[in-house]
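Per-chain residue numbering starts at 1, and chain names A, B, C and D are given in the order in which the chains are listed.
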Amino acid sequence: MCAIVGVFGVKKASTVAYYSLFSMQHRGQEATGISASDGEKISIYKKRGMVADVFSQDILDDLQGECAVGHNRYSTAGSASVGDSQPVFAKYKLGEISVVHNGNLINKQEVRNQLIDKGAIFQTDMDTENIIHLIAKSQKDSLVDRIKDMLSRIEGAYCLAIQSRSKMFVIRDRFGIRPLSLGKFKDGGYIVASETCAFDLVGAEFIRDVAPGEMLIFEEGKEPLSEQVFEADFHPCAFEYIYFARPDSIIDSKNVYQMRLEMGRRLAQEVPAEVDLVLPVPDSGVAAARGYAEGLGVPFEMGIVRNHYVGRTFIEPTQAIRDLKVKLKLSPVKHLIAGKRVAIIDDSLVRGTTSKQIVRMLLDAGAKEVHMRIASPEIKFPCRYGIDTPTQMELISSSYGVDEIAHMIGASSLGFLSIDGLKASLGKEQNYSLVSFDGNYFAGGSAESPGCSGSC
Amino acid sequence: MCAIVGVFGVKKASTVAYYSLFSMQHRGQEATGISASDGEKISIYKKRGMVADVFSQDILDDLQGECAVGHNRYSTAGSASVGDSQPVFAKYKLGEISVVHNGNLINKQEVRNQLIDKGAIFQTDMDTENIIHLIAKSQKDSLVDRIKDMLSRIEGAYCLAIQSRSKMFVIRDRFGIRPLSLGKFKDGGYIVASETCAFDLVGAEFIRDVAPGEMLIFEEGKEPLSEQVFEADFHPCAFEYIYFARPDSIIDSKNVYQMRLEMGRRLAQEVPAEVDLVLPVPDSGVAAARGYAEGLGVPFEMGIVRNHYVGRTFIEPTQAIRDLKVKLKLSPVKHLIAGKRVAIIDDSLVRGTTSKQIVRMLLDAGAKEVHMRIASPEIKFPCRYGIDTPTQMELISSSYGVDEIAHMIGASSLGFLSIDGLKASLGKEQNYSLVSFDGNYFAGGSAESPGCSGSC
Amino acid sequence: MCAIVGVFGVKKASTVAYYSLFSMQHRGQEATGISASDGEKISIYKKRGMVADVFSQDILDDLQGECAVGHNRYSTAGSASVGDSQPVFAKYKLGEISVVHNGNLINKQEVRNQLIDKGAIFQTDMDTENIIHLIAKSQKDSLVDRIKDMLSRIEGAYCLAIQSRSKMFVIRDRFGIRPLSLGKFKDGGYIVASETCAFDLVGAEFIRDVAPGEMLIFEEGKEPLSEQVFEADFHPCAFEYIYFARPDSIIDSKNVYQMRLEMGRRLAQEVPAEVDLVLPVPDSGVAAARGYAEGLGVPFEMGIVRNHYVGRTFIEPTQAIRDLKVKLKLSPVKHLIAGKRVAIIDDSLVRGTTSKQIVRMLLDAGAKEVHMRIASPEIKFPCRYGIDTPTQMELISSSYGVDEIAHMIGASSLGFLSIDGLKASLGKEQNYSLVSFDGNYFAGGSAESPGCSGSC
Amino acid sequence: MCAIVGVFGVKKASTVAYYSLFSMQHRGQEATGISASDGEKISIYKKRGMVADVFSQDILDDLQGECAVGHNRYSTAGSASVGDSQPVFAKYKLGEISVVHNGNLINKQEVRNQLIDKGAIFQTDMDTENIIHLIAKSQKDSLVDRIKDMLSRIEGAYCLAIQSRSKMFVIRDRFGIRPLSLGKFKDGGYIVASETCAFDLVGAEFIRDVAPGEMLIFEEGKEPLSEQVFEADFHPCAFEYIYFARPDSIIDSKNVYQMRLEMGRRLAQEVPAEVDLVLPVPDSGVAAARGYAEGLGVPFEMGIVRNHYVGRTFIEPTQAIRDLKVKLKLSPVKHLIAGKRVAIIDDSLVRGTTSKQIVRMLLDAGAKEVHMRIASPEIKFPCRYGIDTPTQMELISSSYGVDEIAHMIGASSLGFLSIDGLKASLGKEQNYSLVSFDGNYFAGGSAESPGCSGSC
């Protein structure tokens, strides 16, 4: 997932970036970084770890200036190198540059090979390095033209914030796969962030979404300049609504909580259950469970308690401890559940491992029947672009039918929201990227065109 | 609050204690400790910090034996000393002893003065040191008789687990102010813990509550021996149901979530509100809000999102950031709230500071009216025994009436559950300790008798 | 070994104590602590670790007042408990007290048993707890009388600093086994410390040694009051000169470096060697090697280099790495040594393990002959009172003769300073405690009387 | 300074590199890193901090393979970025490459500008990045030819180790300014390191110095291939002997300790002093002081003790503490010094600040006269290439004469070794780089040619 933020024309811009990243911690916990520019030079600090752990007052005080860009990195397997965190800073022909990037470039390897053939070196595996190389290699005289050159070479899902010593450029790809919004401060200055929840914390007002294919140019003493660098071909990622984004965020003018509520309502229509009680898997399934309970006219309860003190514990459990991982995080309210037929609602079903443990937990708590309902369609196809997407083999829905899975996880019944139901919930006006569900890449029927519905 | 656990007759008893303390982390985050006995000697480890941070596999491996007692310490002002954490270990005439203790002794200073007069030294301010001194000073030959001697000298709210090299003694005071439950493992062995949520994690089965005034003696190869050392005079603390305990716990045979649900329902009867939406303050107000919404027949939504990545941030905010503390933790779902009349439900109202910020947050999110409802009575009296209880002056309800407070926190209206409503919710069969609400000490009309309804 | 310090009548007394402990870090690295009194209350902080790591500016700022006592704890096996560090603080009948203690009480267990019989509890294994108990149990009205009561009950080697809210008491045992000196600040105020090197760092002037059997009482607005509480029976520990103390310290009016120089000179007379070069084992053997070289009229060189960056490394070495432990710390200057007959001087020989590695290192460096000389007598008897003293079996000189040991460590020859030579070096005016060398306990011929020449 | 190491054909090569870097910690404490290749891929780990702190067993276990290169980075002002540590790893046209580099390129900016003009990006300020870019941009087909291309483009002082997946290339610049030596393991395999002290620790045998202008190519199953890529123009840096290197190292066939001894002897001839005692500033002045004492026929004593427990302490001192910084590290043995005329020997005099404090310390200790002698010439010129060299203004000898400085630092007299004396000590056979002393760049009379005698 990852999160980016860009702040322009605000005192202590790095502090604003810090709190923005703090509020978007759910989009990436592996590493974080901020670079700031005071017009003269760019300072940067990045490190593995959570936002509140990585930055101190001293470090933020060193990141001076009224422009800052920042990044939260999502956990990815394998890479232990701090080099693989963002922003990426470089000196190049026109001066200093710092780039943050959210998304995946599908022609990354091809571009990289071309650059390497011409003598480029790559110090990391990040797309961001491609982007800077393309800017540096462009023959154009101005940074804005070099950025356009670069944009003409990359394909895929991306949101970008590029900082020079005095300007900031923000771009959202033409498919608008990942969200990006523009906010404004009362006393002047702007903020661009992956999720609007950042605006609420730092006291900025939501203005509008950055449009697919749009570039915004921020320069001191001027209003942000908007330029449509690509014709929009809007295919927002449905997973933002399903589980990536925070419920209080507004993604492309739609509130996430309300979308999930609606998915729950439609789920009740499509796959109702004769139950006494509807429970969410906290916190991912809460809004959908509310909608499902409303749809059925059955009581909703927060019948599974989430433990807020989950640190990482690596203590070898004793024999009597079963399903430790899920029990460290979740506990059922037995008195509420015992003797009842319950529906348990989650946002998605990927491997089925956790679902199986939750079903067992509810049965152990005395539930008579456990009907699992998933507020999104069956995930049958991996998202090509997602770094962290499970392979198709790991996706339980790609190998098994609904009843088989119900049996495997021990549920009395199982039901998914249909693809049409998802579309109807989200609204017909957009062509959501649904490749994880239907396997259809959206653009021109070509498997090579960018499509993304996974965890990229 | 604090939490205690005692484990007996189980392999890796310290690991069982560890996971038990982990599940009771909400009862105390300042310090934690475990001591274990292998029949030959007692080993101990304690430190400031959270359970998952304090213990490592190596440390637990060193705490060998089939008996362990453990403790989570609630944050208290002032004391930075590791000496002030539990268990407290000592060598005395009969050998080694380790004690954990939850509660407050009201005659602590009197007993301490007597002991000091006779030449005792005190290395900490903890009641636990009194307890060990009284055991050590007793002239009786056996530990069990010395414990009884000690019990005859202390008054107040307490739950105790005392470990010798080969036995474990567990005592709950005759008022039963703090909860204490007994569980059993399938493969043999017992566990005693402040909250039953510990049993669920470690795979123990709930047997029964330890009775007020009961002592349980655990000895190898024998069933636990129960002895009623005091006549019970049961006055459980209502605050366990109101906000101390985890919703999935069973306190004195009643499930906490269900009690809160019932308080919410009665709140709806007593102080209804004409609203479009009922919201809880997460997570403390969730169950009561569910009951309130049900009572009113109005939709319930999780319209305030709780941020799960709250670390401690000490970064000086910028000017635009208002009410940082509450906003770091909570965010409203604006689309859900805008233009609506909302009821916001919390479990209690102490100083009013946070409530004021929450009301403002909801109004900023566009709520037309904000009606605050509190699922417990007005807290007018400090709990004498609570270390951390605010003084009476800080208790907003001790100085102001309901309407005044509503005005002060900016709410359209404010309502509390009545004392009778609370009693009715919890069930008439018990004499709950309600001193924080009515100022009446329950026992014998004497202000000196133990009573406790605060955060002790 | 351990180190103690007491500071009285100085602003920021805890900072003075801090730097004093810093300069006496060589006497104990396991744990450290300081307590300070501002006349109203005693504050304390102690922790495992080195002085510079344990204390921060914030912590010292919290230790307010013009009186402070501090302690460095020598590494001892087994105990992992922070409880086993000093100062030990307690509340007792006359108020608050904090005690630091250096040495070993030989009747510790007997006193402890008596105290336990009377109902005392012991939370640690430290002598210091005995001391506080004895003060607390005394029936006398004043602290000074209680301290005298206590002193009449304990036997052994000790230096004590006892802090009440307004006074400080300092006592050195009648045998004067461990050093203790008095210093004064130009602007007023006093300091008492185990080694005078502390005075040099903090800017105090050396006044005199505390006499064996002397008690000093410090009270605001008065000159220190001296009282001879015991008749002196002076038996200072020779090991302070041999290797405990820093060379720049003055112990009982004698400079350590000069004593070592003299031992080296006598060693040259007693066991000369036909060599081309004299090398010290750095840094312990430097002064003695200088004396030895001077005595022989042979060049002295620092031909073994000490690595100043020795952290703790726990990396498993490869096969080619031999004698890693000594080589991490010491390296020979091969060009200096190759083809030469060298004498290598160390301060003492305990187990012989390191000596063997050093001899091999020098032979590998090309030395033709390696003659080892030890600037102290053969250690044949363990010091009864030393916590950390090797058992007699581990003392190589208790089982083997000089030639045998020479063969075992691979040296061309081996020589020790004689007991008479040691006495002559240190000066005839004192009866040094020499039990480790001659096995003779000095006082009254009784094996039960205090004697100490080991690492206590 | 910095240190590099390359290990080839040895099991656990990263462990060998680790211990080598550990033994060369004195050449750089800011950051350290190792990369290892197992023939398939290169793994890398680098971090700010000391060798023993940065690496753990787990990390070294992950750095698999029989070839490793490593680096210690010398502390440099300003840069807080972990990006500025080595090795630098990159992917380029021929695969993966990892480079460590010690020294300074004098045409760095020029080369960088050319590269940037052609579209290169630079993520750090390190020369190492230039080197990799030049290799990557070369049109040659083989890595060895690309390295030669690169070498033809860079000028200055450098030692390089370049690792591909299967080979290792080691190069020393034609001036041989920085040392580099070749060692061999008994069981096969080679090591190249900045200082021979590394060989002693890891159990390798010194073979020879790498020649100025030589490249060594290591390939599996073959003997190292030597190629003279440049004609040697040997100008080794005199400062290696004066103070950079460890006394036990052999630099270009000469032992450092012996060189220092000789400088001390000549110093005695050139600027004798009528003194009773010769003292070194430990540890830097030890060997020279030995030589000086020998030359004068006056006793040498280690009359200033070095504190081995110097951590970083940031505690604000009290008023009585003067010259804290030097006193934390050094203490005089007063009894030895009092009433004496002493000569104090140091290896060099840069700013004079520390010397002033040492002179005052000796006078405070009672010295009648303090004659300071410096075993190297006056440093009048900054080394152009040294990152960390003080500016000319900070060099006290560039602004003041010997007598003036003596007065400024409070010494009774001051004397330096002459440039001729230095040359004579080191041996006439080499043209040492002496620019810091005489300001003469050695090659062709051009100020642009590489010369280096500073702390580069």
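Note that contacts are C-beta pairs under 8 Å (C-beta built on N, C-alpha and C of every residue); 3 or more make two chains touch, one makes a residue touch a chain.
All values derive from a computational prediction rather than experimental measurement.
**Student:** Moving step by step between touching chains, how few steps can get you from chain B to chain D?
**Tutor:** The least step count works out to 2.
**Student:** Please compute the C-alpha centroid of chain A, do the same for chain B, then give the distance between them in whole Å.
**Tutor:** Once rounded, the distance between the two centres reads 37 Å.
**Student:** How big is the gap, in whole Å, between where the Cα atoms of chain B centre and where those of chain C centre?
**Tutor:** 49
**Student:** Please work out the Cα centroid separation of chain A and chain C, and write it as a whole number of Å.
**Tutor:** The computed centroid separation for chain A versus chain C comes out at 61 Å.
**Student:** Counting only residues that touch at least 2 other chains, which ones in chain B make the list?
**Tutor:** As it turns out, chain B has no residue touching two or more other chains.
**Student:** For this entry, which pairs of chains touch?
**Tutor:** Those chain pairs which touch are A-B, A-D, B-C, C-D.
**Student:** Quick one: in the complex, what on chain A touches chain B?
**Tutor:** 10-12, 15-16, 18-19, 22-23, 25-26, 29, 50-53, 55-57, 60, 185-187, 197, 200-204, 246-248, 250, 255, 257-258, 261, 283, 286-287, 290, 294, 299-303, 305-309, 311-322, 327-328, 331-336
**Student:** Using the touch definition from the top, list the residues of chain C that touch chain B in their complex.
**Tutor:** Listed in rising order, the residues are 44-45, 62, 80-83, 88-93, 116-117, 119-123, 132-133, 136-138.
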